[in-house]
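First, the structure itself, so that you have it in front of you.
When the chains are written out, they are named A, B, C and D in that same order, and each has its own residue count from 1.
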Amino acid sequence: MGLDKNGIAQRIAQELQNGFYVNLGIGIPTLVANYIPKGIDVEFQSENGMLGMGPFPFEGEESADLINAGKQTITALPGAVFFDSATSFAMIRGQHVHLTVLGAMEVSDQGDIANWKIPGYMVKGMGGAMDLVASAKNIIVAMMHTNKKGESKLLRQCTLPLTGTKCVTKVVTDLAVLEITPKGFLLLERAPGVSVEQIKNATEGRLIIEGDVPEMKL
Amino acid sequence: MGLDKNGIAQRIAQELQNGFYVNLGIGIPTLVANYIPKGIDVEFQSENGMLGMGPFPFEGEESADLINAGKQTITALPGAVFFDSATSFAMIRGQHVHLTVLGAMEVSDQGDIANWKIPGYMVKGMGGAMDLVASAKNIIVAMMHTNKKGESKLLRQCTLPLTGTKCVTKVVTDLAVLEITPKGFLLLERAPGVSVEQIKNATEGRLIIEGDVPEMKL
Amino acid sequence: MALNKVVANAEEAIRGIEDNMTVMFGGFGLSGIPENSIVALRKNGAKGLTCISNNAGVDGFGLGVLLETRQVKKMISSYVGENEEFERQMLSGELEVDLIPQGTLAERCRAAGAGIPAFYTPAGYGTEVALGKEVRWFNGKPHLLEQAFDASFAFVKAWKGDTAGNLVYKGTSRNFNHAMSMAGKVTVAEVEELVEVGELDPNEIHTPGIFIQRIYKGERFEKRIEQRTVRKKEA
Amino acid sequence: MALNKVVANAEEAIRGIEDNMTVMFGGFGLSGIPENSIVALRKNGAKGLTCISNNAGVDGFGLGVLLETRQVKKMISSYVGENEEFERQMLSGELEVDLIPQGTLAERCRAAGAGIPAFYTPAGYGTEVALGKEVRWFNGKPHLLEQAFDASFAFVKAWKGDTAGNLVYKGTSRNFNHAMSMAGKVTVAEVEELVEVGELDPNEIHTPGIFIQRIYKGERFEKRIEQRTVRKKEA
């Protein structure tokens, strides 16, 4: 029941529009690049300093001088450009990136996001996430609807330390597509085979259901 | 009596030290480049975006894409580099330029400088002068000791709108070399054939004379 | 696939320009000015423009062209007055002029593009530039709070550009073009050579295409020299 | 004539380093880190260092080398913990760690180099990063006041450099190296290829030599890859 990680990525890829510059976070967001719709041209920004990021290199062609923000070896597509970190975050802070896709541990129904720190665990740091969420106009969170204990990750209030406030625009989970509105999570679409009731049960934050909720088309 | 413009420039050139990056203003300061002492390597910064500025180009080799801050066609020396205006003023504000030489209409004995605006006359603007004087650690003013009416330009207080406050380190005029100290203009050197008395008469601001004042060596 | 920002010509490139907008122009003196966009703006006739540009051109060339047609309401510059029409309009009060330090001008462009709404700079403290501005001391030195610009359009000029908007400048004509390209809500780049993506080395691009919304090959570049200073070749 | 910043080797390049200094290290992950300067610092043995670096290296490589010898008192980074020794020292309280947003880290370097003592950024508002920081609203949005770094040394790594200190980076190894090169009171650049002035095109230099005090050709570049991700060539 519900989507797997690739399904979530595939659904998010439908949000890509022609001409978008896109920053994809580590994890599920990275998979979005595999599902770019036909006829849609986008460019991927990697905050360590490049635009026009391509796929992994062929064996033997990898270079320590060409990596993405996840420190993986990658390639550059025609039209790519390299730049320094200050310029990279100028792009992000200056809202030149059209869409940011991030993973999260919790999202609140006001659009707050927590994705960098769990008290009691080794804290690795926020990397570029705080700059991204504080600046981007269009932030989609890609995550599972509930955690491993079955608890909702879509909350009235985040319980973990925040990464940013009032910033998330949409959440795409294994169960649903939801938009953040002033009144809470507006349910836009159900995953194939998932009922509104199941989504209700898995959502702790305020959930708005208006009329018939269509099923996603993948 | 006293130095001409070239003499002032020649004296200022003695202040150049090996390894200095230097910004020369328009007018007398530009002439300093003609008198670099032997064995001293310096590089000239032009605030419109280059380091390693060379002499004027040969006839027929001038380019609209290679000018200095005075909008004159120039050349680039080996080791030169071009950059944008924001980076150029990052160098200036960030105190990476070791010496700035500027012209002035008035200098006060606390190191205030006025060199951009005369009420009642067409105001052309401060260009980069305010950034330069607010940031540079070492600012030498090159100017005539008195104006065309014979009035002192070394004052107790500037009467013209200021370009910057408490910033000038030295003044080199047709008559003298003076250092700005907390107590006023300290007379360091006399121009050849100029008496201390003549300098006294031409200086309205506080003038400090300690012992025998040597004559400049050019 | 790389994005395509190419528009057919200057007329198409300036589409959306409206009366009373704030617009930026790259260039230092006459070097690296967006000549073709300026000519198109003159034909377009938009009036009441607030122009952010380090200089104001000369009579009949550069921004002088828009001054002749009274399309400029206000100039924000660091150094002006190389042209008589400008002087006449300024002295008569027809033209507002806001003179600001050149480094502050450049940094306010860069800040606009970089999402930095305001910053502190020492330039202008103790002068009339400081009037009405917050003063704050850092490291024992007074600084002024300066704000990012807000411009609807930025017009820049580069030497080469590719269809994705990546730009390379030549020599000192880079000047304000780079920071302004970051700052415009719509940035229009005119280039001498328009090439396909892949032709520019990704390591040698000065302005990444993400900052550019429209790019075109300029029809005509006069590239006038303001002060032709040369020396004779020795025999 | 162009200035000469060349020093013989890493040992000479780090001269002046003292206990308890604040020092910067370029690089992102293990890409573009100043490998040779780090090794020389280990030999030098300076202790109590506050290190500003986006990441903290791995066990036995990069800054991991200085962690092993307990030379680091404090790390200022955006993302850490790719190495076990780091984790051990952090959890035991031997090592102070200040985690800050990556864009703020980069901008605080650039600000230090650019003579901007402080600036406003939206990053971190409403989070623990905002604790104790001034909040100010611009354009209807809350921002934090962030200050420029103050570092005695910056260690950077470039692909090519000339004797005057002009630098060219390769690919994504440019990362923090450029902004940090502007920020050090003394900036030390190590390069893979050291060339004469005139060999680099003045139009294609990434970091102007004015920001660099010392340059040397690194003795050995391991250039380790952290995450080797590849695909198979199709037949």
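Things to note:
One rule holds for everything that comes next: a contact is a pair of C-beta atoms (placed from the backbone, for glycine too) under 8 Å apart; a residue touches a chain by one contact, two chains touch by 3 or more.
What you see is a predicted model; the values in this text were computed from it and never measured.
The chains touching chain B as well as chain D are C.
Seen from the C-alpha centroid of chain A, the farthest chain centroid is that of B. Taking each chain's centre as the average of its CA atoms, chain A and chain D sit 28 Å apart. Chain C and chain D have CA centres that are 32 Å apart. Per-chain CA centroids place chain A at a distance of 55 Å from chain B. Within chain B, residues 50, 76, 82-83, 86, 89, 92-93, 135 each touch two or more of the remaining chains. Of all residues in chain C, those touching 2 or more other chains are 107, 110, 114-116, 121-122, 169-171, 202-203, listed in ascending order.
By the definition of touch given earlier, these chain pairs are in contact: A-C, A-D, B-C, B-D, C-D. By the touch criterion given at the top, residues 107, 111, 114-122, 136, 138-139, 141, 143, 147, 168-171, 203-204 of chain D touch chain C in their complex. Contact residues on chain D toward chain A in their complex (touch as defined above): 28-32, 54, 77-81, 87, 90-91, 99-107, 109-110, 121-129, 159, 169-179, 206, 223-233. For chain D in complex with chain B, the residues that touch the partner chain are 1-4, 110, 112-116, 162-164, 166, 182, 196-198, 202-203, 205, 208-211.
Residues of chain B touching chain C in their complex: 46-50, 55-74, 76, 82-86, 88-89, 92-93, 112, 122-131, 134-135, 161-166.
For chain B in complex with chain D, the touching residues are 19, 21, 41-43, 45, 50-52, 76-83, 86-87, 89-97, 135.
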